[in-house]
Amino acid sequence: MSSEVFKDATRMSGGRASDEAIVAMEGVYKRFKDFEALKNINFQVGKQEVVVVIGPSGSGKSTLIRCINRLEEHDDGRIIVDGTELTTDVRNIQEIRKETGMVFQSFNLFPHLTVLANIALAPRQVRGMPKSEAEALARELLERVKIPEQADKFPAQLSGGQQQRVAIARSLAMKPKVMLFDEPTSALDPEMINEVLDAIKQLAQEGMTMVVVTHEMGFAKEVADRVVFMADGEIVEVGTPSEIFDNPKEERTQKFLAQIL
Amino acid sequence: MSSLPSAPAKVPIWRDVRVLRWLFQIAVLAVVGLIIYWIWGNYQTNIERSSVQTDLRFLDNPASFTIPGNDFDQSSPVRAAFVQGFLNTIQVALVGIFFATILGTIVGIARLSKNLVVKTIAAAYVEVIRNLPLLLLLTFMNLAVVLQTFPRIEDAWKPLDLFVISNRGLAIPWFEGSAGQLSLLVLAGIVLAVIVVRLERARADKVGRPSRALLLGTLALAIVPVVGWITLGYTWTLPFVDGRGTSGGLRLDPSFFALIVALVVYTSSHIAEIVRGSILAVPRGQGEAADALALSNSQKMRIIILPQAFRVAMPALGNQYLNLIKNSSLGATISYFELTQIAQITVGNGSPAVPAFTLTLLVYLAISLFTSLFVNYFNRRLALVER
Amino acid sequence: MTVVFGYVGLWVIWTVIEFVFVTGRWEIIQVNLKLLLVGRFPDELMWLVGASLTALAFWVAAVAGGSKIDLNNVQTIPQRLFDYTRRFGLIVALAALLIFLAADIAALLLAFQVLGGVIVGRLVGLARRKVSVLGAIPSIIWHPMLGSPAIALVLVTLMESTLEEWGGFLINFYMAIISIVLCFPLGVLLALGRRSSFPIIRLVTTTYIELIRGAPLFVLLLLAGVALEFFIPPSIAPDAIFRGVTVFTLFTAAYLAEIVRGGLQSIPKGQTEAGKALGLSTTKITYLITMPQALRNVIPAQIGQFISLFKDTTLAGAALNILDVLNVGTAITKQQDFLGQGLIYEALAFVALLFWVGSYVMSRESQRLEKRLGVGVR
C-alpha cells in the first residue's frame, strides 16, 4: 500500500493521522537469510495514537516494532522516528532509542538489581540524571503502576504481573515519545493479565503514543485508535477497531478473526 | 505530506555503526600487535646476547643415552628418541584410558547402589582421591609403594604363582609370539563379531525371537584370535625370578606401573563422578516409563538409561581423557621415559632447551587436537536429532 | 557382596587408624613443621605471614557476609553455629592439629587472630547490607577496597623477603592466590574476545585459549623454566617463583575465559535487548548488566578452577625446583636424622592432609553456593 492510500484510509476511518507522524515507515523490507519477514511496509503512527497490531504468529508483527528501535536492522526502505531517520549513524540510533520505550514479552528485568535500581538505571546512565533524582522519579513511576511497596525487592521476588508493570515503569523513566509493546501479556498467567492491561490503558488515556502487538482483542477494541492486521510479512488491512473486527474486508483478515474469536 | 525528508541524509563516517565496528577491531589488533612486537624484540635481543641455538638441527645429533625397557641404541639420533617417547606416551594413554574408564564406571555405578556399604565405600574413594593433587599420588606410588613397600627381587611376592612383584616391577604372564600378528587377529575378530551381530539381529527381527546377538558376537570375537593362537603356535609364559630380574612373561617397568596406577586411580575418581552425574541426569520419567512397560531391571539399564547417560557423559569423558593424556607428562618426575622425560634428558645432554620443549609442546597439542576431533565426531554421532 | 566390601572397608580403616596413632612416627613432621609450612622464611618476618592470612580471611568473610544470595535464609543462632561447625569443622580440626604439633603459644594466638579477622570481616559484610550508606558504594570499588590490606601485606612480604626464603605450603598457597587474582582481568578479556562478532579478535583469542588448553601444564612450566627470560627485557632476571606465577596466570586465564564465556552464554538475549532498548551503549550493557550476572552465575566453576590451580602448584615444585610443600616433604625423609627409615609415608600423609582439607572444604562450599545460586536466578 502506498503511503498516500495508507493516509487516506486512515483519514477516512477517522484516525488521528496528522502531519506530524511520530513513527513513519516507508517501503520497509527485512530479510532473514532466505526468508522475507517484512515486505513493503508502509506504516505511520500519529501523535497520541494507539495502534494495535494483530496477526498470526510469524506474520512479522514483532519484527515490525523491533525495527523501530533498531533491535532488528531493516534492509530496505526508510524508518523515521520523531524526525530522526534510522540509519547506520550511531547518533541517530542512540537518539531514537532514547525516545522509544519497549516492553518485552518476557519482561527482561535485570535480576541482579532491585526494582528501584532497574527503573533508575537508564535515566542515570543515559541521561546523566543524579542518583537521588532518578530514584525519586522511579518511586513516582512505581506509584503510577500501583506497586510502590516493591521498590527494594528483587525481580525474582515479584509475580509476573508485577514484573511487567515494573518493566513498563522502567521504560517510562526515559520519558519516551512512543512506547512499543511486544506481546506484553502473552507470558502471563490469566489472573495477572488484567492488571497489566489496566496499566497500559491508563497510559493510553494519559495520551501516550503507542504501538501494541497483542492477541488481546478485547483490549484492542477498547483502547485502539487503529488496528493493523498483518500476515506473511505484509500489512493486509488497516482500520478502526469496529471496521476490522465487525467488518473485515480482506479474506485473510476474515479467516484469522474466525479462528480466534 | 508527512515529515519524510526527500532523501536520507548522508551518514558521516565517524558515526557510522559499521565503520566504528571495524575501527574498534583494528585498534584492538594494533594493541595486540604492539605487545607481540615488544615480546619479539626482547626475544631477538636476548637470543643475540646468548648465542643459543633456536632451530631443530639438534634432532640429528646422537642421543647418547639409553631408554630402559627398550633396545634403543645410544648412537641413534635424538629424533628417534623423541619418537620412542611419543610411543610411550601413547602406550600410557591407551592403557590408562582403558582401565580408568572401567574402574571409573564401576565406582560411579557403585555410588548409586542401594547397598549402603558399597555406596559409602565408593563415595569415600571418590571424595578422598578427587581432592588430592595428582603429583602427590604419583610420588606416593613411586616412593612409597614401589620403592619402599615392594620387596627386593630376592623376596619377591608371587601371588597365585602367576605374578612376580618386586621393586623391579610387576611381571605378568604374557604370550610368546608376534604382538603385531595377534593385534591383527583381534581386529579380524572384531570385524567378524560386528558382521555376526548384524546378521543375528536381522534374523531375530524377522523371526520375532529375542536376539542372541550379544552371545554370538562375543563368541565370534573370541574365536578368531583363539584359532589363530592355536594354529600359529603361541604359548603362554609365566614369569619367574631369574637372578636380578625376571624371565618369561612381561615385566612392567616400575615407573610405568606407578604412573599407570596413579593416573588410573586419579582419573577414575573424576570419571566416577561424571558417570554418576550422567545417570542422574537421565530424567526420572524415563525409568518410570521403562517400569510401566514391564522392562526388567537389566533391560531398563541397558536399553534406556545407560545409552542416554552415555550421551550426556560423552563430552565430559572426552575432557577427562584429554586430561589423562596431558597428565602423562608427569611421568617425567618419576623417570618414566615418556615424551616429556625424553625432552628433559636430551636437554640435559646438551640439546637446546627452547626448541626441544617447544617441540614437545607441539606434539602434545597435536595429540590433544586429534583426540578432541575424535571425541567431537563421537559426540555428533550420538547427538539426539532435535527439531 | 556386603560382607566382602564391608571387610575391605574395615581393614582399610583399621590400617589407617593403626598407622596414625600407633605405628606412625610423627617426629619427622613435628621437627620439620616450620620447613613444611613456610620453608626458610625469616623468623622476624613471620608476623607478616600471620597478618596477611588474617587480612585474607577478613576479605573472604566480608565478601561472603555481604552477599545478597541468602536473603531468604533465616536461621537461629544455634542453627547458625551448627551450620558453621559442619562447614568449617575440618579446617578448625586441622588448625588444632597444627597448633598441637607446633606446641607453640604463638601458633595458638595466630589461630585466634585469624578467627578474629573472620568475625570482623563477616560483621563488615553484614553492615554493608544493613547500612545503606555503605551499600551505596558500588561493588567494583567496595570489594577491592576490602582486599587492599591483604594485597598490601602480600606486597610488603614480597618486598621484605627474598623469594629464595619462601618455601613449603606458603608457596603453594600464595602462588595460587596471586595467580588467580592476576589472571582475572585477562580471563574476562579473553572471554569477551572469544564471543566477539569481530572475526579477527575472535580468531586471536580462540587460538590462545585452545593452545593453552591443549598443552600440559607441566611442559609449559618446563618451557618457562628455560625460555621465559628470552621474552622479557634483559634487565629483569626472572626467578623460579616469578616464572611459576607467570605460567599459572596465563594458564588459568585461558580456563577462566572458557568458564566466563559459558556464563555469558547463559544470559538470555533479552537482557542485552532490554539494555539496548533503554539506550545503553554496548560497553555499559556489558559491565552493568551481562558481566555482573555472568560472573555471579559461574562462581562455583571459578572456585573449582581455583581448587585445580591450588593442587597444580605442586607441579611448579617439580618443574622449576621450587621448594613447595611436596618437595619439602620428600626432602625431609633424606635428612640425616630420618634417612632410610621409611618415613616417606608420614611425610606424604601430612602433605596429603594439608591439600585434602583445603580442597575438600572449598569444593563443599562451592557445591553449597551452587545450590543457593540455582534458587536465586530467574
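Points worth noting:
First chain written, first letter: the chains are A, B and C, and each begins at residue 1.
The criterion applied here is as follows: a contact is a pair of C-beta atoms (placed from the backbone, for glycine too) under 8 Å apart; a residue touches a chain by one contact, two chains touch by 3 or more.
These figures come from a predicted structure and were not determined experimentally.
Comparing chain pairs A-C and B-C by the number of C-beta pairs in contact, the larger count belongs to B-C. Chain centroids computed from C-alpha atoms place C closest to the centre of all protein C-alpha atoms shown. One simple way to say how far apart two chains are is to compare their mean CA positions; for subunit A and subunit B this gives 56 Å.
For this pair, subunit A with subunit C, the centres built from the Cα atoms lie 49 Å apart.
Each chain gets one centre point, the mean of its Cα atoms, and the points for subunit B and subunit C are 28 Å apart.
Multi-chain contact residues of subunit B (touching two or more other chains): none found. Residue positions of subunit C with contacts to 2 or more other chains are absent.
Contact residues on subunit B toward subunit A in their complex (touch as defined above): 1-5, 8-9, 11-12, 15-18, 20. Listed in rising order, the residues of subunit C touching subunit B in the complex are 1-2, 5-6, 8-9, 193, 197-198, 200-201, 204, 211, 213-220, 222-223, 226-227, 229-234, 307, 311-312, 314-315, 317-318, 326, 330, 342, 344-345, 348, 351-352, 355-356, 359-360, 363. For subunit A in complex with subunit C, the residues that touch the partner chain are 69-71, 94, 97-98, 100-102, 104, 106, 108-112, 121-122, 125-126, 154-156, 167, 170-171, 174. Here subunit A touches subunit B in the complex through residues 3, 7, 19-21, 24, 26, 44, 78, 80, 83, 85, 87-93, going by the rule given at the top. Interface residues of subunit B facing subunit C in the complex, by the touch rule stated above, are 21, 24-25, 28-29, 32, 39, 42-43, 45-47, 49, 115, 117-118, 120-121, 124, 127-128, 130-136, 139-140, 143-144, 148, 322, 326-330, 332-333, 340, 343-344, 347, 353-354, 357-358, 360-361, 364-365, 368-369, 372.
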